[in-house]
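Reading through the structure tokens given below for one structure.
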């Protein structure tokens, strides 16, 4: 058995005529934390959407946990063990916090197919615990998520992912909307994942954070992977040089 | 004439039983740039929504440009001269970039009430110019905004506000989703506003950015304004102390 | 107090005349009537009857949506002891009605039969032996439509028609002039030669006429028949466009029903069955009907 | 950085989890309250109008009967909405899951025709059944057969709706509009437009009987007709299911944000099929009760029921964009509907005006509901 | 930090503004293409079926007429959808703005009744008009009066819809459902359910005339009946308005994201009123043409038109959640509708099957459209 948990070969995604992701070869080892950085529109979220099968890739292969996978949708990806915080948060606005946290993984009093009886109390209690780990303040967890602030929603989403983490965690800009305290808390959660040996892909525009948390930095530019840098062998200026195209493969711009 | 452009007295907003904003007394002088900081859920966006009349306040008074105002809606606020980048972006997903940029302020070939003929070419040209100022890369401005990345959307929103800035600009976490380059560019836009003497309220969780850009920092905590600090007289630790409640008015927590 | 009336459908031209007949009679007699529209829904009609009973009316008149659905209504009224009169359409349980129920109705079998035979006679008079015709049906779920169409085939099969009739096509125009116009034009666009149109009602016949006139067809060369003898139909007949229609005395049915209901409410005995016959209308006797509908 | 005092303080205190002041007494009231209020107002208006005429809308005015309420009025008010109400329970779920069902009325029509064909009796007054659809060997079947057939046909139509919506991704409005047209065609085609009548006695008893007999609570009597009993039973059943089972949670989740539900690992497509199938099944129940109550089946049965069912749900406070609404609301909406129908007859309002006023009342009830909700939000 | 080479490179080159590879040849094709394709397929199928019977669906088979196409078929196909098509133009705009209009059919009915009352002629075959609504002084009015009355009544109904939707914030489904019920009631009440007939000759000429005469393009002839002319004229007009004026831009913007439109300073409420008012006005136009074509007005006129109009728009690729769709799509949708109607008659399909097949075709057309759109997205 190799120690590679996720590998993509030639992963490509086109939207109509837009080549949003081209020929991405990416490797993630067990226990490794990797950051994906790049300009807006560089294709980072697109990469995540292909790996988690939210969209169907145009070309390429994905290997997960030792075998080639072709997830039909995010459901299968999650069942395979990939937990994701998406950039556009996957929350049901009309439901309260516990319902969102346990969405798709409800706790039951007794099971009976779709008509299984929910254990609301247990879900609520465990929600309050999970929220503590993110330090977020929510006045009333029984209110629908619709009315919560950007940061509060983000924290619900992260709490969910952390609580159910298994083989691979992906977070797409998890702290973008967070305050100082909450950001620190989420960074703690990420360190906790590292300790538990759970591999992770972190997408972030915050280079300070990236250098704090991960082992390796992968740079996207114009839909392509242009660099993969070990943290010890690089620095902020170097990364920015790759992001902006000063370093790296020559732009093959026709015009 | 006083030099105060915006003042709120006792501004209060309750959602059902939640007191999201209480008794906010806030002053902004002409030409001044003020940052609003605070935890997630502290009431920052709520404050913005009351000032711009997206919601109707529960109590309190708002004075703008020398007289008390009671805007009926964001339309009036904008006509009054307040330009805003909202946290939830105000973009029409099915329209292309130029249409979004000029939404509510279209250019015409000739005017005839609602049936005025649009000057599409002029709007497109001026859009390309405006986007240059934000350094964002958008493959095809004629595509609907629906398909753009988080950062691209954010830039469209900022480009719009910057292009039409008049008496007061409010930005609610404008760089949260932006990359390194784009953030730098937006910060340049904000400096440009300062030079043009346009007053501004900037909401941000990024203290580095706040200290770089503004004159004064107002701290929100649990729905109340707990501090207003001149940049020269404070530092990061001090601000964080107010945000987290170590400094500032004692918490009147009952339990 | 008062009398409750449940009509099958307000939008129907013929039933409107009947309804007006009831109202006129009631006004003349100083009676209070409450007329409801069942909108062609059997279930709604049954509910209306129950609502009348709850409101304590002295008698009920029903123009049944469905003549085979009357048992439930009869039961409901009988259980509450309220007299009931069926009008215009013969209830299926006509032979087993309780004493305080009656009906004033016409036999739909006559309408289509009179219409078809008259058209056949006209073709025969023109010297034809074999004719090609189009048949326009009313709403398919409506019994009058089903019965009047059936009448056509019954006449043909029973040999009561003097010429050989070939039905080129039979489609529904849902009682509507507009749909009939469209349907007729579509038929015309096929270019098949034909000798006439048999329609289940006058509105559709008029729609067909308008389409044919728009296409430049000489109305003397085709026979068109309808049912109802509405004012529009009579005018079309006077203009020489419509050849046959059938008159049903709606006003008489309406007033007759109200009379029976009042008597039953007062505890008097009445004839349990009253038939009002259909009457054939052709240009020859057109003048007699001008003022009737 | 120091850790602030957050923790899980029980809500309902002066300060919630986030330290914001929280005043539970002022929390937004459930929307069902507004609907209930509208219902009471409407009943009161009709009562007053009736009193002006010397009658009463709800109360017993006859000296010879020992009851508080006008028993017949109560009976008919429950009975007349029971059948559309049952459809509305299914439509409510379809709307909550983010869809719409325009086909329910037509499905009732088609199901009625098929069901009744298996419920016919062989002899009518000693003569062979004049409306026979099949031969005599298909007559006088045990009552269970038409019931099963009815439920199966409804379920089948619902399944098709669900499969179309879930797997072809066409808008539910279109899928069910197509089903509406098709099912109406099918109900006409089944017996060439002829009505189908004369069911067996036991079939007729389904709706016209009263399983539990007349229920008496002191001076309040209720005949307890079967359709009304079934309606109330199903309402309670689905209220529990929507609030306490996985089915309910997923239904709300999908309606609230389908993409999120999908990403959360809910099998959205399969669940949608289930919801539409249940709605179809309820249309089947409705068709059985309807034909049994009227002792006939007609191709035109159920016309416009879909709009009435949707209107009931909407008056009950459902959101047509999905994710919100409740069975309780729909039942209250049905009650308002029933009061309107019976109320108009009781005050002898001219039928010409009834439709006009009915339209205005539907709109008015929803406006009232919305206005009160907005007001509470602002307070 | 250095400034990268961005700038406004014209799109359509190998690299767009963002430096991503951009291949314009593969860009998603306009959805109208799929609808047009469905139309062609459907025509082809009917042509083949007709040929099997020795006839032709579209082409002229008569030796004595010198034309390529079956002129009468083309004429009726244009005429039969013109009137619902005009409504559909308004419904399209209402759907794009994020609403729905269930009232258009009933508004046509009510408008027809009122309009016709002012279009009556005094003498029929020498006798006084037996259907007279008003006294003789209100008869034989200039044709302009009923036209203005018709447009005004339609506009008024549309205004009410718009005001309800915009200012009470109730869902458009409910507002227009209320209007649907109310308008139908009004059309019955107007003349106690009696039809109103015998218009003046000039009024009848409105629809039955052909203003431009028969239009001939080589061997292709078209009678150019007025309703079809009006429909095509209005379609072109609103196509231009939606694509090139402020009205169009705002309509799409509000449908796409109402909150965003509001925050951008669009007077959303006033604009909605305008859109619904225009839809009402178009229903008025439709009512005038309909009564003039049929020379009568009946309370039941326009029943189900609203669903046909919505179906046309949806077949034309509109999104019921607003923000997307086009007049061109709706016109193509209307064409598909027309082909279905005429096609069925041309192959003499039994009426009982027509409805069933029609439902399937509506659903099938939309499935095809969706499938092709998804396929292109994936390519």
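Points worth noting:
Think of it as A, B, C, D and E in the order they're written, each chain with its own count starting at 1.
We adopt the following convention: a residue touches a chain if its C-beta (ideal position, glycine included) is under 8 Å from a C-beta of that chain, and two chains touch if they have at least 3 such contacts.
If you're wondering where the values come from, they're calculated on a predicted model, not measured in any experiment.
With contact taken as defined at the outset, chain A and chain E are each touched by B, D.
Ranking all chains by how far their C-alpha centres lie from the centre of chain A, first place goes to C. Rounded to whole angstrom, the centroid-to-centroid distance between chain A and chain D, based on C-alpha atoms, equals 43 Å. Chain centres here are Cα averages; for chain B and chain D they lie 47 Å apart. Measuring from the averaged C-alpha position of chain C to that of chain E gives a distance of 34 Å. Counting partners per residue, chain B has 15, 17-18, 41, 88, 137-140, 180-181, 240, 244 as the residues that reach two or more other chains. Residue positions 10, 37, 140 of chain C are each in touch with at least two other chains. The set of chain E residues touching two or more other chains comprises 1, 4, 16, 18-20, 22, 188, 192-193, 352, 354. For chain D in complex with chain E, the touching residues are 164, 168-171, 173-175, 177-186, 188-189, 192-193, 307, 310-311, 314, 319-320, 352-360, 362-363, 366-367, 370-371, 374.
Listing the residues of chain C that touch chain E in their complex gives 10-11, 13, 16, 19-20, 37, 137, 140, 169-172, 176-178, 181-183, 185-191, 203, 206-207, 210, 214-215, 230-232, 235, 238-239, 290. Listing the residues of chain E that touch chain C in their complex gives 55, 61-62, 70, 72-73, 75-76, 79-80, 124-125, 127, 130-131, 188, 192-195, 197-198, 208, 290, 293-296, 298-301, 341-342, 345-346, 348, 351-352, 354. Taken in their complex, chain E has these residues touching chain B: 1, 3-4, 6-8, 11, 16-20, 22, 241, 244-247, 249-250, 252-253, 255-257, 259-267, 271, 274, 323-324.
Considering their complex, residues 15, 17-18, 38-42, 45, 87-88, 136-140, 143, 147-152, 154-155, 173, 176-183, 205, 207, 240, 243-244 of chain B touch chain A.
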